[in-house]
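Below you'll find the structures, each written out as structure tokens.
Next come two complexes built around chain A: one with chain B, the other with chain C.
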Partner chain A sequence: MSADLVLQLIANGVSVGLGYALAAVGLALLFGILEQVNFAHGELYMLAAFVVWWLVQMVGLPYPAAAALAIAAMACAGVLFARVALVPTLDRSADAAILATLAVSVILQNAVRLVFGATPHSMSTPLEGMTLLVGGVLLFGQRLLVAGAAVVAFLGLTLFLRLTSIGQAMRAMAQNKRACVMVGIDVRRITGWTAAISAALTGFAAATIAPLFDLYPSMGGDVVFKSFAVVIIGGMGNIAGAAVAGVALGIAEALVGGYLGSAFKDGIAFAAMILVLLVRPHGLFGRAVRV
Partner chain B sequence: MAIRLLLALATLFAFSAAHADEIKIGIPGPVTGPIAYLGQHMKWGAELAIEELNDGGGVLGRKLTLLMQDSACRPADGVTAARKLIDQDKVDFLISDICSGSTMALMPVVEAAHRPLIVAASTLPDITQKAGVGGNKWVFRIVPDDIMQANVIAKKITGMKSIAFVAEDTDYGRGGVRLLKERMDPAVKVVSEDFVKPADTDFLSILTRLRAENPDAIGVYMLDQQALNLMKQYAQFGLKTPLVARPPLISNLVVDLIASGNFGRSWTVYPYYDQYDGAMNAAFVSAFRQRHPEPPHYVAYGAYEAVLAGADAIKRASTTDPDKVRDALASANLEQILGPLRFDDHNQAHNKMMFLQVQGNKLVLVDLAGE
Partner chain C sequence: MNRRALAAVVLIALALPWSVGSPYVLHIGIMTLIFVVLAQSLNLVLGYSGLLSLATPAFFGVGAYTAAIMALKLDAGGAATITAAAAAGALTSLAIGVPSLRVSRHSFVIVTLSATLLLQVIAGNWEELTRGALGLPYVPAPRLLGLAIEGKIAWYNLTLLFAAAAVLATHLIVSSPAGRAMIATRDNETLAKAVGFDVVRIRLFAFCVSGAFAGSAGALYAHYITFVDPGVFGFDFSEVLLIMVILGGAGTLWGPVLGAVAFTLLPEILRVAPETRSLIYGFILLGIVLYMPFGLLPWLSGVSRRRAKT
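So, the complex of A and B:
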């Protein structure tokens, strides 16, 4: 195999991996702050993708406007999601949150199927056909956008958590919910904020990644599988860990898919997940939000 | 309270009595999951045939009705769906699932329950080998199987120097590649084989390697939704290698991609294409187009013909008694869209297949191929 091919595979891996990280960040954030596992994560992604598709293909908005609108809509959906599923289960055992979010996922998936049907859709964006040849390595416009979006999302989230008072309250909640109540932090309000930011980030991921593939009501299931792998490998709830795990997984998959064949590709995510759980049960970088 | 309950029960019985006269056709098929798009087409095809039969007064003076249960195209769910259709809904005959794995699982179920099963989409050769003489006499297939298609594809591949395979990791994908390799010119070198999960959407690493390998052709065994992703990414890579064997070029999902002009010389072999020139097909396509936003897919055609074949058997048997309907099916001689429907002693029909090639930015029916 030539050096060009290896470079191309690594470039592919980095771009795919940043996509994995971006798709997973909302899930990591929600678990990091609230310690709630969100089984509706994939369906929130699917919903955002359908909103973008609808705005671009049906309403006729330009892609950037549609993406921005969808992210804003997802933030609102996140507040609603917190109201119906996250706040009521905040003080209950973990399975209450699992069941509540699972219910939301079933309802969302079937509602979208009812409204848009089972026929897969696809959308085109201005960057779709663009390619860039850098030193023998082929880069794709839309995938570069995904990579850029991932960097923006992670930097933005880190700064938000460090510098804003809401971000600091969120980190306080990650450390100790009871203490938050004692010092006067409104736990319900911060839960709403966390869900809104998580959903908006998921919307950001869907708006940039979904145009690469086709859209269908059960697409969330495929997204959530990789997102869980990334979050578990990186350390449940560790946001920086999710970024590193996403990119590492992308590169590993690209090399294995390129050299051994794609039948082995998905085994990588599973094998890495099992190995990490055996050796470091709290993930590579441990739990809790460290930013 | 008791009176109300009695009334409700009476209404229920009256309702079911009114429906007991209907001839019921059951489909265990994908309503959810990655094949749901094809399941929708299957349902549309069967519904159209039933509507036409009912408009003509039904069969034996009875109306026909369709019941579809979700199988998600998985064997275990397919069996559950078929059992419900047979035991609770009491269907008179069944149209089989799209995925071969699910159809294989349904075969013993219908054999035990004594219900005819018409296979209208699955193409695994084992289905035919296990059906008819010396085997399961309840299973009939109206579409060509993968061996018949592999024979045609092998002839078309002769003369190429190299080929790379990209196929779904299922009975269909692995079986298709194996059957073709057994039949094709040994001088054609196989440079690589990639089997992908049916839900995989990202083909970046495969396409990167194929670009470096540069084979004469890429042999594709994939269903519509996955092929849409493959073809989208293929176009982004700017590849010019033709896709051959069984890419679903007939699918409405890839019409826009083909129109972009990036798939010149790609070809496929399919049992059906809606542009086929024939009076019966024209009537079928135009009736379908009046009801639905897109032209009929191959599976819609299959389900349509399966309903007509089953109804014809019931008419000739003059009863819905399953044994007599089965015997009538075995002796079918019915004029259908692609010619007369007749089964061999393994209950397999032998229709012509379509060799379709992309010329410029259009898919063209080049010729009809026999075995």
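So, the complex of A and C:
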């Protein structure tokens, strides 16, 4: 196989992988701060994708405005989500939060199915069909936007967690919830903030990635499948680990898809996840360096 | 449950096909009984071992496909297909359980869901074996002891036998030393380890029996409905099962049976469209998790206690 093709496969893998990382960052953040696994993550992504699609194709807004509006709407949805499912289960067993978010995922999926129907939709963006040739490697416009969005999201989130007082309170909560209560941090408010930021990041991911694929109410399943793999491989709750795992998964999929055929691609995420769990149960980057 | 109540339940269950001849009622009865087996499968893991698993549809689906493929391609009899389906369910549970039962609770739930999603993808893509999304139609009736199980009454009696066996097996397991070990690891994992229980092995045993139950339920389903498609791995099953087991009372013998009866009957009585049904189930699941995590009966007694106080 020629060097050019390998280079092209790796470039594809990196751009797809940055998309995986971007789609998973909200899940990693929520677990990192609250230690709650959000099983509605895929459905939040799906909801955001449908909001963007509706604003672009039905209302007729320009794509950037629709994306911005959808991200803002998702932040609000995140606050509501925290009220309904995350805050009431904060002090309960891990299973309570999982079951509550599972219930929300079922509600969202079926509500969207009732409103928009089960037939797939698609949307077009100004970047569609745009290509860029760099040193023999072909890059696609919308894919570049996703890659840029991933970099912006990870840098922005890191700065937010380091520099703002809300971000510091979130990190404090990740370390010790009970101590937070003692020093006067409103745990419920910070939970709301965490969910809002997580949902907004998921909205950001959906707004940039969703135009590449068809939209349908059960699309969240595919997203959550890859996101769970990324988060487990990177170490649960480790945000930087999720970024590395996402890119690594993207490259692995592109190479295997290129050499063995795309039929084997879907199993890689799962196989890698099981392998990591067997060898390093806490993920490649463990818990020690999280958030 | 005391002897008299048990006798009443058995009598009603046995008398149903003779008193109500309607095929529609019998069909609901058969589906209820298949769900009793599935609910007991989840109950062993969630109720008695304290493990939240979303893999029951994986065992069920593998069992359904195993039975369908054996009956269609190998012309195998009912005893062979149902036994093989139970074994396939148990093997699937081992394959999922060995890597995931050693890790954190969060990872365990994630792996069980991911494995189910992956099996659905495989069933949808392995077209030589499963015909992909088209599914496998015309699964023949099982032959047991030289008799083909055909007609609603025969099916009702067969599924009743399996449901009763599942309840009895669950009862025998949870009152055996192995079952007490399961309950001990559920109630206090650290203490159970300290007194020398091999927690992973005990949980693997529960998971394996659960896999065999759900696998045989899958075989019954495949033969009865005569059609299997990747939808058998669907999350809808997990959702309904969780409601049945938790609302009925996880970790009790008859609670999940009650839940299975109630939640196969209710949608038929209320006659709601499938999409709306799933939506309503979502709200019910959320309500259960937030307000009655120990099931309906403790919640009701709690309500009456609060009312008595005021």
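To be clear about the criterion, the second predicted complex is superposed on the first by the 287 of 291 C-alpha atoms of A that agree within 3 Å, B and C clash if a C-alpha of one lies under 4 Å from a C-alpha of the other, contacts with A are read in each partner's own complex, and residues count from 1 in each chain.
One rule holds in what follows: a contact is a pair of C-beta atoms (placed from the backbone, for glycine too) under 8 Å apart; a residue touches a chain by one contact, two chains touch by 3 or more.
Here the structure is a predicted model, which means the values were calculated and not measured.
Clashing of chain B with chain C is the outcome of superposition onto chain A. In the superposed model, A:A96 makes contact with chain C only, not with chain B. Of the two partner chains placed around the shared chain by superposition, chain C is the only one that A:V37 touches, whereas chain B remains out of contact.
In the superposition on chain A, A:T125 contacts neither chain B nor chain C.
In the superposition on chain A, A:F140 makes contact with chain B only, while chain C stays out of contact range. In the overlay built on the shared chain, the residue A:I107 is in contact with chain C alone; chain B does not reach it. In the superposition on chain A, A:D266 contacts both chain B and chain C. Touch criterion not met for A:T194: it reaches neither chain B nor chain C. In summary, superposing the two complexes on chain A brings one listed stretch of chain B into steric overlap with chain C, and the stretch in question is 99-107; the others among 45-53, 99-107 or 351-359 show no clashing C-alpha atoms.
Of the residues of chain A, those at positions 113, 221, 263, 266 touch chain B in one of the two structures and chain C in the other.
On chain C, the positions that touch chain A within their shared complex are 52, 99-100, 102-107, 109-111, 113-115, 117-118, 121-122, 125, 235, 239, 242, 246, 275-276, 278-279, 281-283, 285-286, 289-290, 293.
Residue ranges on chain A touching chain C, taken from their complex, read 31, 37, 39, 84-85, 88-89, 92, 94-96, 98-100, 102-107, 109-111, 113-114, 221, 224-225, 228-229, 232, 236, 263, 266-267, 270, 273-274, 277-278, 281-282. The residues of chain B lying in touch with chain A in their complex are 31-34, 36-37, 39-40, 169, 192-197, 199-206, 208-209, 212, 225, 228-229, 232-233, 236-238, 253. Of all residues in chain A, those touching chain B in their complex are 1-2, 4-5, 8-9, 12, 15-16, 113, 117-120, 122, 128-129, 131, 138, 140, 212-214, 216-218, 221-222, 253-255, 257-258, 261-263, 265-266.
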